[in-house]
Amino acid sequence: MANSQYEYVKSYEIPDPLMPNTFAVIRVDGHAFTKFCHAHEFEKPNDIRALDLMNRAAKAVMHEFPDIVMAFGESDEYSFLMRRDASVYGRRRSKINSTVASIFTSNYVFYWSEFFPKTPLKYPPTFDSRVVLYPSPKEVRDYFSWRQVDTHINNLHNTCYWALRHDGVSGTEATKLLEGTFSDDKNELLFSRFQVNYNNLPAYFKKGSVLVRTDPRLTKGPSQRDAECTEAADPSGSTTAVPSESGPSLPGSDPATTKKKEKKKKAPKPFDGRSGPTVILHTDIIKEQPFWAERPWLLE
Amino acid sequence: MANSQYEYVKSYEIPDPLMPNTFAVIRVDGHAFTKFCHAHEFEKPNDIRALDLMNRAAKAVMHEFPDIVMAFGESDEYSFLMRRDASVYGRRRSKINSTVASIFTSNYVFYWSEFFPKTPLKYPPTFDSRVVLYPSPKEVRDYFSWRQVDTHINNLHNTCYWALRHDGVSGTEATKLLEGTFSDDKNELLFSRFQVNYNNLPAYFKKGSVLVRTDPRLTKGPSQRDAECTEAADPSGSTTAVPSESGPSLPGSDPATTKKKEKKKKAPKPFDGRSGPTVILHTDIIKEQPFWAERPWLLE
Amino acid sequence: MANSQYEYVKSYEIPDPLMPNTFAVIRVDGHAFTKFCHAHEFEKPNDIRALDLMNRAAKAVMHEFPDIVMAFGESDEYSFLMRRDASVYGRRRSKINSTVASIFTSNYVFYWSEFFPKTPLKYPPTFDSRVVLYPSPKEVRDYFSWRQVDTHINNLHNTCYWALRHDGVSGTEATKLLEGTFSDDKNELLFSRFQVNYNNLPAYFKKGSVLVRTDPRLTKGPSQRDAECTEAADPSGSTTAVPSESGPSLPGSDPATTKKKEKKKKAPKPFDGRSGPTVILHTDIIKEQPFWAERPWLLE
Amino acid sequence: MANSQYEYVKSYEIPDPLMPNTFAVIRVDGHAFTKFCHAHEFEKPNDIRALDLMNRAAKAVMHEFPDIVMAFGESDEYSFLMRRDASVYGRRRSKINSTVASIFTSNYVFYWSEFFPKTPLKYPPTFDSRVVLYPSPKEVRDYFSWRQVDTHINNLHNTCYWALRHDGVSGTEATKLLEGTFSDDKNELLFSRFQVNYNNLPAYFKKGSVLVRTDPRLTKGPSQRDAECTEAADPSGSTTAVPSESGPSLPGSDPATTKKKEKKKKAPKPFDGRSGPTVILHTDIIKEQPFWAERPWLLE
C-alpha cells in the first residue's frame, strides 16, 4: 500500500508566513467564560485565584517561546508580544497561533487544582487566539494601552456593579443605575455609597498583569517604584524567579565566563528579553516612564 | 480615561475567511510527543489508553462543532472534516483553527486521569493545528486515504520494531534490521520470528479511528460489517451513544413529532451528519464501499 | 559594490499561490470609462467599434494563456475563466492578475486605431483586475450567469435611456422616467413609443460576447444554432480562425499524423479547450443547452 | 430576469487589504523584453529612447497615485514607493497592483511613437507587477539600494559585453570573457581595450532614474549637486515641471493665500511629497546624503 498517490493533498497547504520584521501580538481569549465563571463560582468582581491561574498559563507560553518578551493579561484574556525578529516555526501563522492557544489552555487545565484546590473543574474550558501584526513600536505601545485602558474601564464598572449587587440591588437595576455614567460618577458612587476609594484598590485589579523577563545579570531589575508586584504560585519554579534570586547567575560569579572575559574583554551582549527570570508586574504600561523606558529591548 | 485614541489598533486585524463552499480539514498534531510518551510510559507499539483519550478529545471537538461531520485519528494526530457549507465563526480561519486546538488540548488534559488512572500527568501536553482547504470530494477522500495509509505503514513498522525491542534487540539494531524492508518483508518477519499474523491484529491499530455521527432516526446505523467498533469510555454520555440506544429518538415514537407529521406529511429532511450520536469506527476509509457510499452527506 | 547585503529585502515577498484545483475567474474592468467613452464619443447605447476592440483585447489574453478557456465580455468589463488544473506562473495570484490586466490594456491601446480609425486616442485608458476563485462548476456557471443577466439588465435600461435621449428627453428626465420600472415596462416603452421590439435587437448587445476555442479536429464547431457569431477584425490572424478555416488542421488530412495513427491506433486525447481557433459567440450561457452541454471541457 | 439568485458569487471575493501603516513597493517588470528589445532594435547597452519612455510611463503612474511619492527605474523595470499612510482603494492589494500595471502599460504603448518616431510598435508589450510590503524605513532604503546596486552591476556588465560585441567579438566569446570577472577587471577591460573610463559614462545609465516630487513652495528643489537631471519629453506638461517653473505657486505670491495667512498666521503644512512637480534624477540613492536626508517625507 503505497502512499505516494495520495501525497499530493499536502500541496493544498498554503504557506502562511507572518510578514518579516513586524511585531506580532497573539491574543488569547476565553470562550464562553461568563458561563464558565458562573459554573465555578468565581468571586466578583475579581477572583484572585482565577487571575493567578491566567498568569500561570501565560508564563508557560513565555517559557515555550523565548521570542515572546512580554505579556499582558486581564479578566479572561492575555496578549503576547513576539519580537519582530522572531523566526520560530518559520513564522508560520497557524502554527504559532494554535500552539499558543494550546499551551495556554493546557496549563490552565493542568494547574487548575493548584489555584482552585476546593473547586473541582467541572468541564474543560476553551480559549481561542488570533495574531495581529504591527509594523512599528508606536502601534505596539498603543495596543497595550488599548488593553490596559480597557482593564480600567471594565474594572471600575464591575466594581460598581458588584458593590450594588452585594448590597442587594438586582442585576437589572444595577445595570440601569450605571448606564450612561462616566468615570467620575462611578468613583463618586463607590465613595459616597460604599466608602470605597477606587484609587486604593489593588493595582492587580486596576492595571492587570504584565509579564516580562528581567536581565539575570542585574541584582535588581528595572525600577518597580510605581508598580506592585505579585508572584503567582509557581511550584516548579522553572520560569519564575524573583529578581533577587538571579544574583548567582551574574556573569562575574561564573568562573568559566570570567575566564573567557579576561581573554577577550568583549563587551557583554545587551539584554534582549529572551532569557532570564519572568516577573509579574501590575504597573502602568500606558506612560513611557518607567515601564517602556527601562525596557528598550521590548520594542527593538 | 477614554480608549478611543487607541482603538485604531483593532484595524490591523486582517480578515481571514476560509474560501466559501470548500471543505476544510483541521489537523491537530501532538507537539514533542516522543518525549511525552516516554515520560508517561506509553505502551508500545500502541497504548490503548492513549488512543482512547485521543478519541475522547476528538469527540469533544465534534460536540462543539456540528459542522465537523467526520474525524480520523491515529497516534498523536487527529484530522477533522468540516462541511463545505459551514458558516461557523464567519469561517474565520484563525478562530476556527485555534478553537479546535484548544478544545482538543483542554479535553486531553481534563480526561487524562480517567484514561490513565495510575499515571499522573507530569506536565501539560501541547497540540498545534492547521486548516487545509479542499475544493472537491475527491481530494477529501484522498486526504483521508493518505492518513489511513500512513497509519498502516507506521503501525506495521512499529509492530516489527517493538517486537524486536521486546525480544531484546537494541534500538539501533532494530532500526537497521528494518531499513529498506517492504511490507511483505515485515509481514514475513512478524510471522516467522514472532508467529504473529499482522492481519489478525486489532483494526483499531491497523486502521486508526473514525468518528462520524449516525442518523438518530435509524434503529441501526450504516453497515458496520467490515468495521470493528470500540466505544471510548464516556462518563458524561453527552456526545456518544451507540446506535441501539438511539431508538427512543426515532421520529415515529415521539408523539409530538408524529402529530406534526400527520398534519403536514412533509418529507423528512435528509440526514446531514450535523446531529445525532457519534460512533467510533475502525474501518477502511480508502475504499468507496461501504464507508463513503453509506454516508453520502459527508461529501455533500 | 556587492548586492548581497541588500538582497534580504526579497524575503519580504510573501508567496501568494492560488488554491490548487480551483477555477479562477479574472475580471478586468475599465477604470473611469464614463469619462473615457464621453471623451471619445462612443455611440450610445452600444458602440460596436468599442465592443469589437474589447473582444480583440480579450483574444490576446486567451492567446497568451492557453489555460484560459473561456471569456465573457460586456460594456467595459471582461471575465476570463482559467482551468482548475492551470499551473501557469506557479499559480501566483499577483503575477497572473497583473499580467492579464497588462495584456488587456496593451492590446486595447495597440489596436485602438484599427477599430477607431477616425478617432485618435486622446489619453491612455486603464483597466484594473481581480482574481476570484470558485471550487466547483456550479459556481462558475452561476458567475457567468450573473454577468450575462447583468448584460441584459444594463442593455435594456440603456436602450430605453438612449432612445429617450435621442428623442430629446433630458438625462435627468430619462432617468426619472425609468426609475422603478421593470423589464416589462421597459419593453413596452420601447415598443409603444419607439416601435422597437427589444427581442429583435442584436444578440451582440443583448447577450454580450463569449470567447471559446473550438476543437481543430472538427470541421464544424459545436452547434451555434442559437448563437450569433461575429468575427472581430483580426489583421494578424494569429489567434482567430473561423471554424471553417480550421479544416486543414484536421488530423486526417495531415500525412505525418495519419502515419503515426496507423501505427499506434491510440484513442485521440479529448479536446481540452487549451488550443485551437478562438471564436466569438453571442449566445445564452445561462442555460445548460447548448453552450455548456457541448463544451464539457470548460468545467472539467 | 432577476440577478439576485446569482449574486452570491460575489461573496467569493476574499478581501485583500494591505497591512495598515506599512510601506508598499510596487514593482513593474517587462515580460519577455529580450525578445521585445530585439524586435524593436533597441540600442545596446542602453537605449535612451526606451529609458525615456519607461520614465514617461512611470510619471503617469505617479500622476494617478499621489500616495506614490517616489519611483526608481532601470532597464525594463520600475519600482514605486507608496506612503505608509496611503488609503487609496481601501489599500486593496489586487486593485492597486493591477491598476499600476495597467497604467504603466497603457502609457508605454500610448507614448511609444513619441519616443520611437521611426520605429513602429510591432506588437503590444506586457508588464507584470507585484506588491511587497516593508514595515520600516530601513527596509525601504535597502530595497532601493538593492535595485540601484543591481543597475550598476548590470550596466557595467552590459557596457563591457556590448563593447566587445561592437568590436567584433561573438556573443558566446564575450560571455566567456566576462565570466568570473569582478568590477575592477571590467573597469580595466573598458579602459585598456576601449579607452573608456566607466566613471565618465552618463549617470542616467550608471544610476538609473529616480522620480520624486518637489515642494512647489521652493524656488529651488533639494540639492542636486551630485545628481544629473534629465527631463523626459512631456508634451502635455501635465505632470512634470522643472523646479524653476514652480515659482508662481509659492504661497507668498498667491494673494488669496497671503490674505488667509495674515489672519491666521498658521505654520504651513510640511511638504508630504504627494503633490508638486515631478522631477527625474540620476543620483545616488544608496547613501543617506543628500537624497534621503533632503527628502524626509519619503520615509515618514
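Chains here go by letter, A, B, C and D, matching the order in which they are written, and residues are numbered from 1 within each.
Here is the rule we go by: a contact is a pair of C-beta atoms (placed from the backbone, for glycine too) under 8 Å apart; a residue touches a chain by one contact, two chains touch by 3 or more.
Quick caveat: nothing in here was measured; it's all calculated off a predicted structure.
Colleague: Would you pick out the chains that touch subunit A and also touch subunit D?
Modeller: B, C
Colleague: Relative to subunit D, which chain's C-alpha centre is the most remote?
Modeller: If we average the C-alpha coordinates per chain, B ends up farthest from subunit D.
Colleague: Between subunit A and subunit B, tell me the centre distance in angstrom, where each centre is the average of that chain's C-alpha atoms.
Modeller: 33
Colleague: Using Cα averages as centroids, what's the distance between subunit B and subunit D in whole Å?
Modeller: 55
Colleague: With centres defined as the mean C-alpha position, give me the subunit B-subunit C separation in Å.
Modeller: 46
Colleague: Name the residues of subunit C that each touch 2 or more other chains.
Modeller: 12, 14, 19, 21, 133, 139
Colleague: Which residues of subunit D touch subunit B in the complex?
Modeller: 11-12, 14-15, 17, 19-21
Colleague: Hey, which residues of subunit B end up touching subunit A in the complex?
Modeller: It is residues 1-3, 5-10, 12-14, 31, 60, 64, 93-95, 97-99, 101-111, 121, 123-134, 139, 142-143, 145-146, 149-150, 152-153, 183 of subunit B that touch subunit A.
Colleague: Enumerate the contact residues on subunit D facing subunit A in the complex.
Modeller: It comes out as residues 19, 21-22, 84, 133, 135-136, 139.
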